[in-house]
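Reviewing the structure listed below.
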Amino acid sequence: MRRVSNDRLTILAGTALAAALLLAPSTPSRADDAKTVTVGAILPITGFLSTLGPPERDAMQMGIEDINKVGGFEVGGQRYTLKLKVLDDESNPATVGVTAYRQLVDVDKVPVLVIAAGTRNYQALFRRSPLPVLNILDSTYPSILDVDKHVFLLRSDTPAYVPGTVWYLKNVLKKERIAFIGAGADPYSAGIETWVKKAAEEYGVKIVSVVNYPLNTTNFAPFIQAAMAEKPDAIYLGGVTQEVLPVAKQLFQSGIRDLPVVHNSGVTPTQAKQIIGDPLYNDVMANNYDFAGTLPETSDNPATKKFYKDFVTRFNQYPSDLTMWAYDTPFVLVGAMQKAGTVTDRDKIYQAMLGMPVPANTISGWIPADGGKLFHDRDAQTMSEGIGWCSDKKTIAPVFLYFMDGLKVTREKVVADACKDH
Amino acid sequence: MLIQAAVNGVVLGSLFALLAVGLTLTYGVMEVPNFAQAGVITLSAYAMLWLNQTAACPFWIAALGGLVVGGVVSVLTERIAYRFVRTRPLAAPVVALGLLLILDNTALILFGGDHVSLSPPYAGDVIYVGSASVPAVGVALIGTTAVALLALWLFLQRTKTGRAIRAVSQNAEAAAILGIRLERQYIVSFFISGILAGLVAFAYGPMYAVYPYMADAILLNAFVVVVLGGLGNVAGAAVCGLLLGLLESFGAIYVSAAYQNLFGFAVLLLMIVLRPAGLFTNRSRRVA
Amino acid sequence: MTEIGMYGQQETRQRVRPRPAWDYLGIALLGFGLWVLLVESNSFYSSVLATILIWTIATSGLNIIAGLGGYPSLVQGAFYGIGAYGSALAMKWGQPFWAACIEAVLAAGILGLIVGLVFSRTRGQYFAIGTMFTGLVVSLVLSNWQSLTNGLLGINVEFGFGSINQLNVVIPAAAAFSLMLVRFVSRRRLGWRLLTILEDEDLAEHIGVPTARTKLTGFVLSACVGAVAGVLIAQYNGTISPDLFDYYVGFVMFVALSVGGAGRVLGPLLGSAFIVGTPDLLNLSSGIGLLLAGIIFVVVIIVIPGGFMSAIDAVMAAASRSVRR
Amino acid sequence: MTEFLEVEGASKTFGGVRAVDGMDIKLAEGQICGLIGPNGSGKTTLLGLLSGTYRPDRGTIKLRGQRLDGLSTHRTVQQGVARTFQTSRLFFRWPLGANLAAAAAARLLTSTGDDADGGQEKLLALVGLAGRGDVVCSSLSNAEQRLAMLAVALATRPHLLLLDEPAVGMSPAETAALGQVIQRIRGELGVTVLIVEHNMHFMMGLADRIVAMNAGRKLAEGTPAEIRGNPDVIAAYLGS
């Protein structure tokens, strides 16, 4: 038997590899129709943020369909329609997200990039190829707006809803001893913790214990024990839905049932039922209050009501606050492109976005900045809302509407008998 | 405070022990680090969930069905993969990781990645022990572990098959010379290990949530236990599981919660250096 | 004349005159080809290829201790992480890029020395378990030591090169060098000493090989090469976060090496191309991609224990037999 | 005058069992010395102490006046002590020649094990394996593997060669040939040889001197004829 020498093997392997890679489908997927603009989005479809990505994708798809239904939009005398391309970052922006970023920005050449989490992870890439970036999720504090001047936030930031939560605890629920249990590794939770502390100091509420559990915790007993040691009269949970609900469930299972549990996660009844389990969820959620953006379900705007109905019919799921912002995203994009007079020039679209008005047909109830502009310093804002749970109907209902002016609660409206009206 | 921490520790320790005993059983007979056990737990939990919710079986029937699925899947991993690498200890971890990917992602494709809840009838109940409260699911976990360990002990000590498994675990070659059918013992121990995985799914699923990677993180803790107890040592795994649970529970309260897992890992590293054969073994078994 | 270095995991029955110059030329050509591919393909494929090459460097490092020495180190991901975090942090603290690189590699080397000393008396699966948990501790520290690493958010990395084009040259060059390094080491004293340890560590000691020192040297060298890969991934992505260096990364690197061919010079390249490239290039949803990856790990390890390289050997041998007929 | 090999009071305990308990041995250069004793008498442990496999709990071991006790195994090899094992131990996947090259390189601290002077062939011829350098060790016969192990030990250029039951599993003819090989090793290379062996017949014809051990201690020492007639030795073998 003749042995094959290393050098021949090396060259053969090199040639084979080169050939394989060259033969790989290396032509990028060009826009098949010149009159179609791709809306490129990197969303967490799987991973620990997977309660957030899919509804955003679905709502964006609805917005795009509604725009295309009326024949698309016109820029520079040419009619365009939109198409959605969503890549999953698996809740892992630094590893999976950066590859998706290169695909959308460098290969698909999207004019504007829509992202959800991980804004900071893309900072170096923003600098290498700048383009306007619309974020429809990441309200982490410190704000992601200082990552890059091209970043816009299409939702209210953490300081716009966390202090109102503490205000409600103090003034409506009359609670003064709060225990904070946060997801230590999650920056969203850390931002909430910061603002809970600021608000508590402002309103004269005592934070009796702060406990943070590490990543991948599944048994919260020691953390619950540590938080309860200081005899709080209310519990504040930091984090997103998939972090908050298991803690709420284990609180209930440990016999802690009389204290109000507040959080800022945007839980829908569907998610509560799935994650906590039937029939337990109805009891667990009974003392829960959730403070974030307004829900489409509770809006008076007919367009928003229609969106709510359409969404529930189509996806058999309650839409969260995120879905309204996601639905509006293509409208914002179209507005910016129309104002810029181009669907390709990223810099012109960026400049147009800075001063654009609130676009027509949007449903989020945007509160405009001076001069009717959509963005206040690159942040578009809506009212905030606290929701409670109605055990008899196994659903949510708004208990508190508000808008933060610094640490001052304004435009507040406490709904006394939320479940009855609803 | 002290009692509550102890109670929490026993709950956590029972979980570790239940997981570790299954791992160490298969390690004993075949010397494979069976990471795929986490995948067996996942599939077993989804089977229970499917039977309970989609097929509308009563919870207890669903749990029983899930146990059988666990046993069958575990035997399949042995039949399809592990038996080919018995004599290649360094290939075993790679195969184990491959199997874990296969099982977890089968669950992902079949059932999606969302967290879902397995709800036994007692999911909302609480039991009070003096000043400490224990969720009923925690009590169920302790009970399951106690019964499973007792049953396993009786099986290993009192039955012919159990004694054969112990003999293979001591020395496979000698056991084969004595006329013990190795193939049969491999299958039986993987089946039992799968049943134990099913019990983890049954007892742990209701505590947190069912999702494709539900057991991956706790498996590492169980692995700490397996090594501390001495690879292949069932009694050692049971005792060390409880000890580790208590250590982590008290460590989280009195030292630092963020590095809770680190206590176990630190003890493990220390032990690998000082006593590579495990805490509870006088049989110096060096796996080379 | 019989040379030692020829007999790694290559089962061979004939003496062969070594042709080192040809091997190095071959690897250099391969590196050049990869550079052309890197700059010619579109950004997406280019980024996949760059990641493959960076993984090739890390797994080539691993190839020294695990491929030549037979020690199943599962901690290579930690050295990769220390290279990335070390260089990023050093630059953040005002060090110039080159100094940051050296410091990061040194830091990994020192950790390698400590880990190597700690586990010097363990073998086989105990060594694997010990190194795996060391990797776990490092990844826990990376995600929990918020004041240093900024936790899960990760940190942004200053760009140390003049331009992306420079980086695009450095990555394939470094990958080719890492392959050459393994080729070089395997024919030097360190390499064949490691090979004797792979075959029979006790016997190696009894023919006069200082096994403890050899393993330690090999392990530290592995760690340093792994750190170089870490420096490059940090530069290439411009951002790093702990999940890039999770403990299972070390595991997957070991799998990549095993699947490609442990102890073989090109094993790391083939293994990395397979492990990194398959999910990205086939554009599969993550579930199906990982399922396939799992199936292929198991099948490759069971059916061709020597990995892809031994399969290529077999095919080439069969081809040359049929040509002679 | 310093002895070639001088062992004084060497002791080794394993888990409470005194495997070797205060052994004294002196060997002159160029001798072939046999070490006999019943199973468990500590012969192999003593060999392990001499080869650096174990470190003695007490006692000293000197080779040409140089202390060996306390040295690690590979340092002991570099001081000129080589050994073989009861079971065949070789780098089985390698050709025999590569085994020899590795051993030679380790001892001489060369980097590649170049065999410029053709020493490999000479060694192979010496042990009776001429021309077998290309054969992968796992395909050698048992007797060939035992001889190959001898050659590998010699490739480290030892002054003292320790053989642990070299004739195990060999036929009478092969055993006789082995005896001749050992004689040649002493004669041509001037290597001192210490052999542990159960085959008394083999030992009587080969050894210049014999040391008998029992229960970790020296029982008797003398010429083969003296040992054969020693009542203590007979009692130890038959009695226990």
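Which chain is which? They are A, B, C and D, in the order written, and residues in each are numbered from 1.
Here is the rule we go by: contacts are C-beta pairs under 8 Å (C-beta built on N, C-alpha and C of every residue); 3 or more make two chains touch, one makes a residue touch a chain.
This one's a predicted model, so the numbers in the text were calculated from it and none came from an experiment.
Q: Show which chains lie in contact with subunit A and also with subunit C.
A: B
Q: Would you mind checking the shortest number of contact hops between subunit B and subunit C?
A: Shortest path length, in steps: 1.
Q: Can you name the chain whose C-alpha mean lies closest to the mean of all the C-alpha atoms?
A: Chain C is the most central one.
Q: Among all chains, whose Cα centre is located farthest from the one for subunit B?
A: Chain centre farthest from subunit B's centre: D.
Q: Round to the nearest whole Å and give the separation of the Cα centres of subunit A and subunit B.
A: The computed centroid separation for subunit A versus subunit B comes out at 37 Å.
Q: I'd like to verify one number: the distance from the centre of subunit C to the centre of subunit D, where each centre is the average of its C-alpha atoms, in whole angstrom.
A: Spacing between the chain centres: roughly 42 Å.
Q: Please work out the Cα centroid separation of subunit A and subunit D, and write it as a whole number of Å.
A: 75
Q: Rounded to the nearest whole Å, what is the centre-to-centre distance of subunit B and subunit D, using the mean of the C-alpha atoms as each centre?
A: Here subunit B and subunit D have centroids separated by 49 Å.
Q: Which residues of subunit C are in contact with two or more other chains?
A: Only 13-14, 140, 144, 286 qualify.
Q: Mind pulling the subunit A residues that touch 2 or more other chains?
A: Residues 46, 184, 214 of subunit A touch two or more partner chains.
Q: Multi-chain contacts in subunit D: which residues touch at least two other chains?
A: none
Q: Considering every pair of chains, which are in touch?
A: Every pair of chains in contact is listed here: A-B, A-C, B-C, C-D.
Q: Inside the complex, what are the residues of subunit A that reach subunit B?
A: Residues 46-47, 50-51, 184, 211-214, 216-219, 221-223, 225-226, 229, 242, 246, 249-250, 252-255, 274-281, 283-284.
Q: List the residues on subunit C that touch subunit D in their complex, please.
A: Against subunit D, subunit C makes touches at 1-7, 11, 13-15, 187-189, 192-193, 196, 199-200, 202-212.
Q: Using the touch rule from the top, collect the residues of subunit C that touch subunit A in their complex.
A: Touching subunit A from subunit C are residues 10, 12-14, 16, 19, 22-23, 25-27, 29-30, 33-34, 36-37, 41-45, 47-49, 51, 140, 143-144, 151-154, 156-157, 159, 164, 183, 237-241, 243-244, 265-266, 269-270, 273, 280-281, 285-286, 312-313, 316-317, 320-321, 324.
Q: Under the stated contact criterion, what part of subunit D meets subunit C in this complex?
A: Contact set of subunit D toward subunit C: 51, 53, 72-75, 77-78, 82-83, 89-95, 97-98, 100-103, 105-107, 110-115, 120, 133-134, 136, 152-153, 155-156.
Q: Once bound in the complex, which stretches of subunit A touch subunit C?
A: Within the complex, subunit A contacts subunit C at residues 1-15, 17-18, 21-22, 24, 26, 28, 46, 88, 90, 92-95, 98-99, 102-103, 106-107, 120-125, 127-128, 184-187, 190, 214-215.
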